[in-house]
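Here chain A shows up in two complexes: once beside chain B, once beside chain C.
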Partner chain A sequence: MTSTLGYGAVLGALFCAAFGALVGLGTGASRREWGLPWARRAAVGFFAFMVLANAIMVYALLTHDFSVHYVAQVGSRATPTVYTVVSLWSALEGSILFWGVILGTYLLAFALSQKKEHARYLPFALGTMLAVGVFFAFLIAGPANPFGRVSPAPPDGPGPNPLLQNHILMVIHPPMLYLGYVGMTIPFGIAVAALLRGELGEAWTTTLRRWTLIPWTFLSVGIILGSWWAYAVLGWGGYWAWDPVENASFLPWLTATAFIHSTMVHERRKVLKLWTISLVLGTFLLTILGTFMTRSGVFNSVHSFTQSDIGPTFLAFIGILLVFCITLLATRGQLLSPEGAIRSPLSRETAILVNNLLFVGITFTVLLGTLFPLITEAVRGVRVSVGEPYFNKMAVPGGVAVLFLMGVGPMLPWGSANPRVVREQLLIPAAAAALTIGLCVAFGLRGVMPLLTFGLAAFVTAITLRELLLPAKVRILEHKEGPWTALVRSASKSRRRFGGYVVHLGVVFIFVAIAASSSFVTHTSATLGLGKSIKIGDYSLKFVGLKEGAEPHRRWKAANVEMTTEGGGAQLLAPRMNFFERSTDPIGTPAVRSTPTGDLYVSLLAFGEDGGSATFNLWIFPMVGWIWWSMPILVLGALIAAWPSRRPSAVLSLSSRGAGPVSKVNRGAA
Partner chain B sequence: MKTSTRNRLIALGAVLVAGGALSFIALGNLGKNLVYYWTPSEMLAKGDRAYGATIRLGGMVQRGSLRWDPEHTRLSFRVAEGTQPDAPSVLVSSTEVPPQMFREGIGVVVEGTYDRSGVFTSHRLMVNHSNEYRPPKPGDKQHEDWKKTVSEAENPTARKP
Partner chain C sequence: MKWKITLALSAACAALVIVLAKGFGRDPHEVPFMLRGQPAPPFALKTLQSGEIVSLEKLRGKPVVLNFWSTWCGPCRAEHPVLDWAFREYGTQAHFLGAVFEDTEENALGYIGRAGSPYPQLVDPKSQMAVDYGVAGVPETYFIDAEGIIRDKFVGPISRGAFAAQMRSVMGPRASAELPK
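And now, the complex of A and B:
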């Protein structure tokens, strides 16, 4: 019964999507007006059916209805309720179903928020987005159907993958990542509509930008949460390993970030139109490629194709998308011809152009390293993988160059800069950089890349803070406003710019944390007898015995470790090993003592059955926590930048045309 | 030729040169950082070409071959092609502490290098962390488990969904 209802809802969603796609694209092409309300209704219907299908699946999971195929696969009576709900996205079929409801939500939000002014683009945009909906609804209805019936129904199931019910981060990380991934469908639809119409007006560009910024924010948070999960659960003492699954999320983030920058040049100078649109199409293609890489099992082995039915469907979809995008760009691209030009090499637009080339270059090298093993196995039958050093060697210099541009770009004005002014403005940031490097050397830190990163971080911070605070300072001096009022008012005058710089500050934190934690890491491993201790860095660790415990879905063994610092602080750490009923392998939970200056990371590797000894992997990661703590800053900045404007933009651009110092300060205001 | 056309050609040329240089560097770097995925017999068959390359060697820990010196945290064992006593095998030496479930007869993947003395020096040891979490049934073929290890260990951290 549940199976039939759920499957019916999926078919309903498929019908709505197919109907809306045909009507939207058809009436868009024939320029008839009756199609738009119907495409809107189809989007609402798609959303409603997807919500229904997901609700039915959650209901089946909660009631342990093992006659439903997916529940029999991931459900278990012993699993705690929260992880039972989370099982919705803990395996292939359910995660695609969940994908569907997120796409539905985005479509609903987009369809309802767009007003009449965009009526000429909207049928194309909604039609394209619903066509993507057709693909995912087809996947759920066919190759990845979670509603298959199991007869006779088993009395109990195995429960979700232990790795996925071992940490609370697993509850929020996947939805964040999906919100980022799926959301890129919306800018894709907007960009395709612009190409099909052969025009890209200012208002439509604003729509495109805002609807990219939303999934970009979710994607950023999702990536950071994912690395945090790897750090807190996998216990190998790292957060990023250039694993294909990680790269899959990073690649669209790179191109989306490039887009967010290039669109500014496009809006200001009316150039890079086609480039900007291509970045949007590329971002969407990379999200689909990423889904394929993570979902089809292709990365365990190319031969997993025979076991997973979704691989060929996905490949076909990627092929169609590629042909579609290239044809579209080739035949319609010339309609988006540039109306301006970049005049000076010493200008913000040039800095952004170089930034874009860097981002695309990094995307290319990471993509090459990720796909290379697939290509060699498919072509030559040789099984290889690409080692981490490749990615580090390629991405680290690129990343440092991006960091440098994060300082140079905001410092340069649009148009063309006066070299003398630039030299003057360079003075304080360069001094800050030199001072930072000098201090690091004085404290005994060595290494070209980390010190360069720290120096550039100081450089960027100095410039960013100046750009953030200068408008407020002018207001304080000229309007006699209080500091807080001045800051809020100057920020709300040019929210996009202000928000963008806040995001930049968050990114600087991440850069510093990555450089510090990877360059100055301390690592050791040791087997300790009862009562024996070991020193690592400023910490002394003493093994004082094992303890055991049980929870409904798992048993665990923990090693009690007394940690004392040189300053006299003491704390009991208990790295654990968890044993799940249905799993043959234990899964660790490392103990992490986190401080702003660094983490002590203790992972239990093995223990003597008699409790007389235990083996630990120990790390000290300087400043690593700042990677995750930067998230609120990133989100705050993105919120400031993306918040809908109350005033029409015409008023804004008038106010930025003021005279004297205000106009200088407001350069770059959106 | 108009100035704008000329500028565009220059830009196009610059991008092509930059792209070419990037591809050249990337492919060169890629070649230096490949990790080969071999079984003991495959690795032994490579002869000289196996020395010095970064290798992931997949097989079973041969019964009776495990030596563990906790004082110096030195671990040595033989990785064999299968469970037969006469299967081709390679001596592996590691300074890494073995994880809890490491034991003889288990599927294992070691990453490291092979040298002319015939010892495989490993800096990374991965045991069979199967993603299949059904209770083991009596009569489960170990070879199946080993094959699974081999395919999964190609990317050991890829256990995110």
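And now, the complex of A and C:
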């Protein structure tokens, strides 16, 4: 019964999506108005059926209905309730079903939030988004059907993948990534509508930017949470391994970030229209490629789901999308011709253009490294692996260059800059960079890349803070406002610019944390007898015994370690190993003592049979926590930037002033 | 878009799709095994049952079947009857050894007390042997030929058919067993 109901809901969603796609694209092409309300209704129907299908699956999981194929595959009576719900997205079929409900929610939000002013684009946009919905509903109804019946129903199941049951971050990391991935369908639909219409108006561009910023924020948070999870669960002391599936999430983030910047040039200078639209199409294609990477079984990765039959269907979809996008760009691209030109190499638009080329260059490099094992296997029949050194060597210099441009870009005016004024503006940030590098050297830090990163971080911070605070200072002086009032009002006058700079500050934190934690890491491993101690950095660690315990879904063994610091601090750490029934390997839970200056990371490697000794992997990672602590800053900045303004937009009001030499107060939107 | 760019883009995309299509049929969780065809790393470890030291060196002349397992691992328990069968069928033709992986002696003794084990179980206190053999998880079964060369390893719970195939590879046609119909 549950299977039938669930499958019926999926078919309902498939029907709504197919109907809405046909009506939307058909009436859009024939320029008839009656299609829009029906496309909207189809979006609402798609959402409702997807919610129903997901609710039925969650019900089946919670009631341990093992006659449902997916529940028999991932359910278990011993699994705690929270992880039973999480198992909705812990395996392939459920994750696609969950994808469907997120797509439905995005479609509903988009369909209901758009006003009549966009009526000429909307049938195309909704039609395209619902066509994507057709593909996913077809996957759920066919090759990835989670509602198949199992007869006779087994009394119990194996439970979800143990790695996913080991940390609460697994509850939120995948939904955040999915919200990022799936959300890119909306800008894709908007961009396709612009190409099909052959025009990209200002209001539609604003819609495109805002609907990209939302999934970009989720994708950023998802990626950071994923790295945090790897750090907190896997016990190898790292947070990023350039795994194909990690790369798969990073690639669309890179192109979406490039888009967020290029759209400013498009709005301000009326150039890079086709480039900007291509970035949106590319971002969506990369999210689909990323989904293929995780689910096709083609890539070796810890993240991969089990081998499945959906690979060819997915590849066919990628093929159709590529043909569609190239045809669209080739036949309609010329309609989005530039109306202006980039006049000076010393201008903000040039800085953003270089930034875009860097982002796309890094995207290509990472994509090539990810695909290279497949390419060599296809061409030479030999499988090679491309490891961390390649990615670090290729991506790190690009990242440092992006950091430099994060400072230079906001400092330059639109149009053309007066070199003398630019030199003046550079003085304080350059001094901050030199001072930072000098202090680092004085404290004994060495290494070109980390010191360069710290120096550039100071450079960018100085410029960003000046850009953030200068308008407030003017308000304090001219309007006699209090500092807080002046800051809030200046921010609300140009939310996008203010929000963008806040995001930049968050990104600076991430750069510094990555440089510090990867360049100045301290590592050792040791086997300690009972009562024996070891020193690492300022910490002294004493092994005081093993303890063990059992929970319904796992057994565990922990090593108690007394940690003391030179400053007199003390704490009991308990790194452990978890033994899951289904697992073929113990799953560790490292103990982490996190402080703003760095983390002490203790991982239990092995223990003596009699409990008299234990082997540990020990690390000190300077400042690593700032990678995850930057998330609130990124989200706050993105929220400020995406928040709808009552005025048309800060950009429009500023653009009316023209592009003169650098003004002390206002150098345009970020 | 200019036709040259369109053509280049189309070619790149076609190449991408072909490369991705060529990758179908792989096991995404396959861990490369570098010890195939290499001499088996030596070991000398005490057995769980008698405390006697067993060394690989002394087992030359006959193939060795080495099974890594653990009491906390469900698939290992599922595999146990297959290994019992295999010992009955091939016990005279090959040496059988178990190795307890990431577990306590107490747990392992308790388990083989209940389920039985007709062949010696080795204790690997610091997991050194598991590291030497590149064990990625349990159960894993290594097939070492009479000359001490690792012919293959089987990852996951082994079936009777797979076991027989491995034995044929290690011993040649001499390996004989009655497979279930």
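Here is the rule we go by: the second predicted complex is superposed on the first by the 642 of 670 C-alpha atoms of A that agree within 3 Å, B and C clash if a C-alpha of one lies under 4 Å from a C-alpha of the other, contacts with A are read in each partner's own complex, and residues count from 1 in each chain.
To be clear about the criterion, a contact is a pair of C-beta atoms (placed from the backbone, for glycine too) under 8 Å apart; a residue touches a chain by one contact, two chains touch by 3 or more.
From a predicted model like this one, the values you see are computed outputs, not experimental measurements.
The superposed arrangement places chain B and chain C in clashing positions on chain A.
After overlaying the two complexes on the shared chain, residue contacts for A:230 are found with chain B alone; chain C is out of touch. Contacts of A:3 after superposition on the shared chain: neither chain B nor chain C is touched. Comparing chain C and chain B on the residues of chain A they touch gives the larger count to B.
In the superposed model, A:577 makes contact with both chain B and chain C. After overlaying the two complexes on the shared chain, residue contacts for A:390 are found with chain B alone; chain C is out of touch.
Of the two partner chains placed by superposition, only chain C is touched by A:329; chain B is not. After overlaying the two complexes on the shared chain, residue contacts for A:586 are found with chain B and with chain C alike. Of the two partner chains placed around the shared chain by superposition, chain C is the only one that A:311 touches, whereas chain B remains out of contact. Using the contact criterion defined above for the overlaid structures, shared-chain residue A:91 touches chain B, although it does not reach chain C. Touch criterion met: A:615 reaches chain B and chain C at once. After superposing the two complexes on chain A, the stretch of chain C that clashes with chain B is 127-135, out of 1-9, 109-117 or 127-135.
Within chain A, the residues touching chain B in one complex and chain C in the other are 158, 299-301, 304, 385, 527, 577, 580, 582-586, 606, 615. Those residues of chain A lying in contact with chain C across their complex are 158, 274, 292, 296-301, 304, 307, 311-312, 315, 318-319, 322, 326, 329-330, 333-334, 371, 374-375, 377-378, 385, 527, 555, 577, 579-586, 606, 608-609, 615. Residues 89-92, 95, 158-159, 161-164, 174, 226, 229-230, 234, 236, 241, 243-246, 294, 299-301, 303-304, 341, 357, 361, 364-365, 368-369, 372-373, 382-390, 393-394, 525-527, 577, 580, 582-586, 605-607, 615, 617 of chain A are the ones touching chain B in the complex. Contacts from chain B toward chain A in the complex involve residues 4, 15, 18-19, 22-23, 25-27, 29-30, 32-38, 54, 56, 70, 73, 96-102, 127-131, 133-136, 151-152, 154-155, 157-161. Considering their complex, residues 1, 3, 6, 9-10, 13, 16-30, 32, 70, 72-75, 102, 104-106, 123, 125-127, 136-139, 156 of chain C touch chain A.
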